[in-house]
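Following this line, the structures themselves.
After this come two complexes, each holding subunit A, first together with subunit B and then together with subunit C.
And then the complex of A and B:
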């Protein structure tokens, strides 16, 4: 079919202008500022506050100082912890859990489904700080609900936030964000005609075969979309700070927390903070490109 | 190939009784059509056989195996859905071969068997395509091929032709019947199209509100509809059903609008005639009425309503009192008729139904 433009390009641009202006003011300008900032030694206080100097790639060199960068509290360590956090709480936790719950309750109705859905969605809509404090209470060594339960079945009372801080924030973030994936997948599942599944059932397919041959291929686009969104969100999430403050001993210092500590704490090194932000932006960008190309490849083949 | 047996099967959805105490035996290799209006429980009956619904009461047997509580996978039947249910992400080859894949048949063996079946069904040249690249008729064949390759003990079809246009439907109908004749697999076929049921089936099961109204060969249900429901459902155009009162003594039938039909010997020949003054329904097929331009003995008067030329035959609608009566003439040229006409029913071929709709004979 031939496509004819309703408006000329000029008129079209006119319609786009407000959005472009918005993007320029609120995205492009800050980005350029941060980018420039990352090549200076600007701080909040001290002599470099009013008169920052141009330092070239110094900030980047300090980030990638490979002699020390894997030590706790350094950039490499923060990257590693963030990667573990993303794999654990975004890929396995939120996407995996959301898919599993949506699949488990596919075509089912009833109290159990409603209860599980309500609980999962509640976890999503309660304000961040409230949730964080609830979890601190939940995980508390002496008075926490979790340990009360574990103790009741004789599994001891570990100090979760001290002994297993990373596991704790992974668990927390999975629980916190699974609702989005769950909702996305359960509405995607509803678009699959029941006859697809029933044909497979009559043909003799078991649960795994149905998942592998029908659900998964038909949901692939949704899974990729969900992965890209959840990965990026999790990569930049800051809430775990409310649980652990990045500790103990920087063992849960995600890149977001590391950035915060660098730029808005102690020395208030804006320049170095800017450099981290630029690196993070590049990583996010690369991730998005990988996912988008996967989605596009699927379109071509599918 | 197996016999399928229903013993007092009941299936409810909340307060709706979708299948109401159905007892039925489908013979080995038989082609049975489940026929009835929308919502009468045809699909539910089929799904009960497939195991996609579980019966609330009664027993279902396939062969001599009690499958009432077995899951679909254990029943070894093949089902063709109304929407064909071809997987968009698989080629036609993979679609047809899917029941084999599920059973762990190797890729090469799958390709061999699928190609064999596809050749029989004349879709061998389409195997590399995706479902979206096939026409409706080709998709229908592909979904039938998937059922055939399965080598199941029974085929279950849920209105497999309803998505095709009229011409293709006739073609696909002949194809399905031929295929079933060749394979000899027990087949249950759901349709709400009585012509389709008549054309395809060895026996027809007419259903209404979850109950079986009549079971018989197409000719049996056509010639001897057991009740007014079957009478009105089977045959196109449907049978004329006139309600009125039996005057057994006078040998007359008085229609609700006082038109009197002389019944001749009809009541006297019945072993269970109606009582004098009983409300009855008189059923006469459109082809068993002759139409006359002049008054005729034993004919009833009526006003010509419309004449419908159908090609090989002609339908004439005549208003008798408040009732529209259809007459079927086996002539291609529409007759020239005055406004006032006389209808003469062939009473030997008429049916008398009691007030409950059941046949009196």
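And then the complex of A and C:
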């Protein structure tokens, strides 16, 4: 029997058209534009604004000038800082914190759980600028809440945003984004049959053994998904700019901030900014590919 | 049939959406009331409060009345901008590049070449028409001041004044340290010795001189230029039309920074590296924690002015000023003993304005003798009109008389702001301890050469 479609292919395409148009206008066009831009010396101000010239791979050569690649404020340094930031705040901070809290409240109910969950989710949904202001107020050397507390117990007044800027934004971003991992893990934990745990308890397994032999193997897929999504997001996050402006002396200049500073600040070098964006896009693309292939392997072997 | 109908309805929906997006802005009625917008880095009760007061209580009401008398209904709206100068510049660049922005914009003179180069500003006579040339004011504004908002022979707005730079100091802290008043150093060593005495007397920050990228152009003008000129030359060689990217003077200037911020900690490097450093320096000076601060006269007439946000009620007793000395007498730019540098600001008309003649009416009114005099009474400053005198501030007059003959200006070139940024970065690398003066100068040399090309730079050999 021949299967007849309700609509013809043409009508089907018509239904797709708005979505395709949307993708073309808001994704494809900017991508092509940025790609072309990255081969020019286009700026927003100055004579190269109305009359940009084709400069070939110059912008890329400038990004990968290995004589000064690791200098603060250069591309290599920004990549290094971003990697530290991703490992610290995403992989260890958010995933670790989310997993820890989800595990701590596994199969528990009550006011404490609700309070902790609410606070973690609040940290996630409050608008960025508001959060940034509260953190600046929290970390300020002289008037900050944190130092007021530390000082009260005799621990002095560390200069967080000046002496420990990278640690500060890692702490901030761990706090800010733990909710996603928490929600993902706590719903994943719900899928573990209680009988597994009960059996283990009967067998006399301790907490670590339960985690190692039951939770971790069963959650591995979720952890993987979480790790990759969070890595992708954290790689592109810009909010730390609101805390440190990328400073002091570019010590917290993430690639996103580096891009912004190049393209929209001071020099307004759209061409070089475009080149950074293209490289970033390739890195994101590579991360996404790793993600997709791992997901696929899980489907096949899972 | 069904297909056609579907296609039609999709088309209809799309066109409706486009219509809603594109034509949502109300069309301006030809003869209805005109609304003009004017913007500046000014906030009621905050930065440049005087400007807000002047505009809202004097300029705007009087202008609206004047226009009404002529039978034209014009409303003027002031848009206060509370960010930094750099952020304001970014805002302008982005606004103008998409064909929008406010009708009249407060503008820093050194931005002009870059904006003109990008085609974002147009000469007044083009935006408004040839009638601008008939304005009475041009005859009362010197060519030098007119050129503040000019570039390559065209004028883009009306300047509202120039400025000078010097060392401000706290007389109470100087007395406490036993330093004789009035104080006038004649060499860098004098300045540093004074700072050491202040340090011994317990002044937390003896000497603050701007450095770093966070402060933007304030670093180049109030900081780097003041030491570079004192060490003997400018950033630009005006005879050969080239940028000086390596020289003993640059190294001297950077070593001065190193002495102040790294070796002897006479200044607070933290303030230069954090985001809000300049405002912090104002507060610390007001609170008596900074002994000496290199700043422009704006600091005197606006920041410290009694009644302003960071002002001192007894400013005239507590704040002294001195000329910035060259490294040694006679070692400064043009063999001077003392150095200073001037910029200038004013107002430009947005080439995208829908009401150029009304905008010009407002701009020329603001710059006419009566309103200018009214502003002088609120904030005495170097007057830009020869028919309006500095109103009764002998200190301001003395600064102008002492420093205007010594002062120099920045090169009016589209690439200047980028090179200025590299200079800020160079000072930042020294005061943060990231690089030695030699390394920082080398990095500056590389960056500027990359920007302007090898053929546009010169290097003065180090001994």
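Quick note on the criterion: the second predicted complex is superposed on the first by the 287 of 302 C-alpha atoms of A that agree within 3 Å, B and C clash if a C-alpha of one lies under 4 Å from a C-alpha of the other, contacts with A are read in each partner's own complex, and residues count from 1 in each chain.
Going forward, a residue touches a chain if its C-beta (ideal position, glycine included) is under 8 Å from a C-beta of that chain, and two chains touch if they have at least 3 such contacts.
Quick caveat: nothing in here was measured; it's all calculated off a predicted structure.
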item: Which superposed partner A:214 touches (first subunit B, second subunit C, both, neither); value: first
item: Which superposed partner A:229 touches (first subunit B, second subunit C, both, neither); value: neither
item: Partner with the higher number of touched subunit A residues, subunit C or subunit B; value: C
item: First (subunit B), second (subunit C), both or neither touched by A:249; value: second
item: Partner chain in contact with A:62 - subunit B first, subunit C second, else both or neither; value: second
item: Contacts of A:195 with subunit B and subunit C, given as first, second, both or neither; value: first
item: Subunit B versus subunit C as contact partner of A:206, first or second or both or neither; value: first
item: Residues of subunit A that touch subunit C when the two form their complex; value: 10-11, 14, 17-18, 43-47, 49-50, 62, 68, 71-73, 159, 161-162, 244-245, 247-249, 264-268
item: Contact set on subunit C toward subunit A in their complex; value: 3, 6-7, 10, 86, 90, 93-94, 97, 114-115, 117-120, 212-214, 270, 273-275, 414-415, 417-418, 421, 425, 428-429, 432, 434, 443, 446, 450
item: Touch list for subunit A against partner subunit B, complex; value: 193, 195-196, 198-206, 209, 213-214, 217-218, 302
item: Sites on subunit B touched by subunit A in the complex; value: 50-52, 71-73, 75-79, 81-83, 85, 87-89, 98-99, 101-103, 146, 150, 156
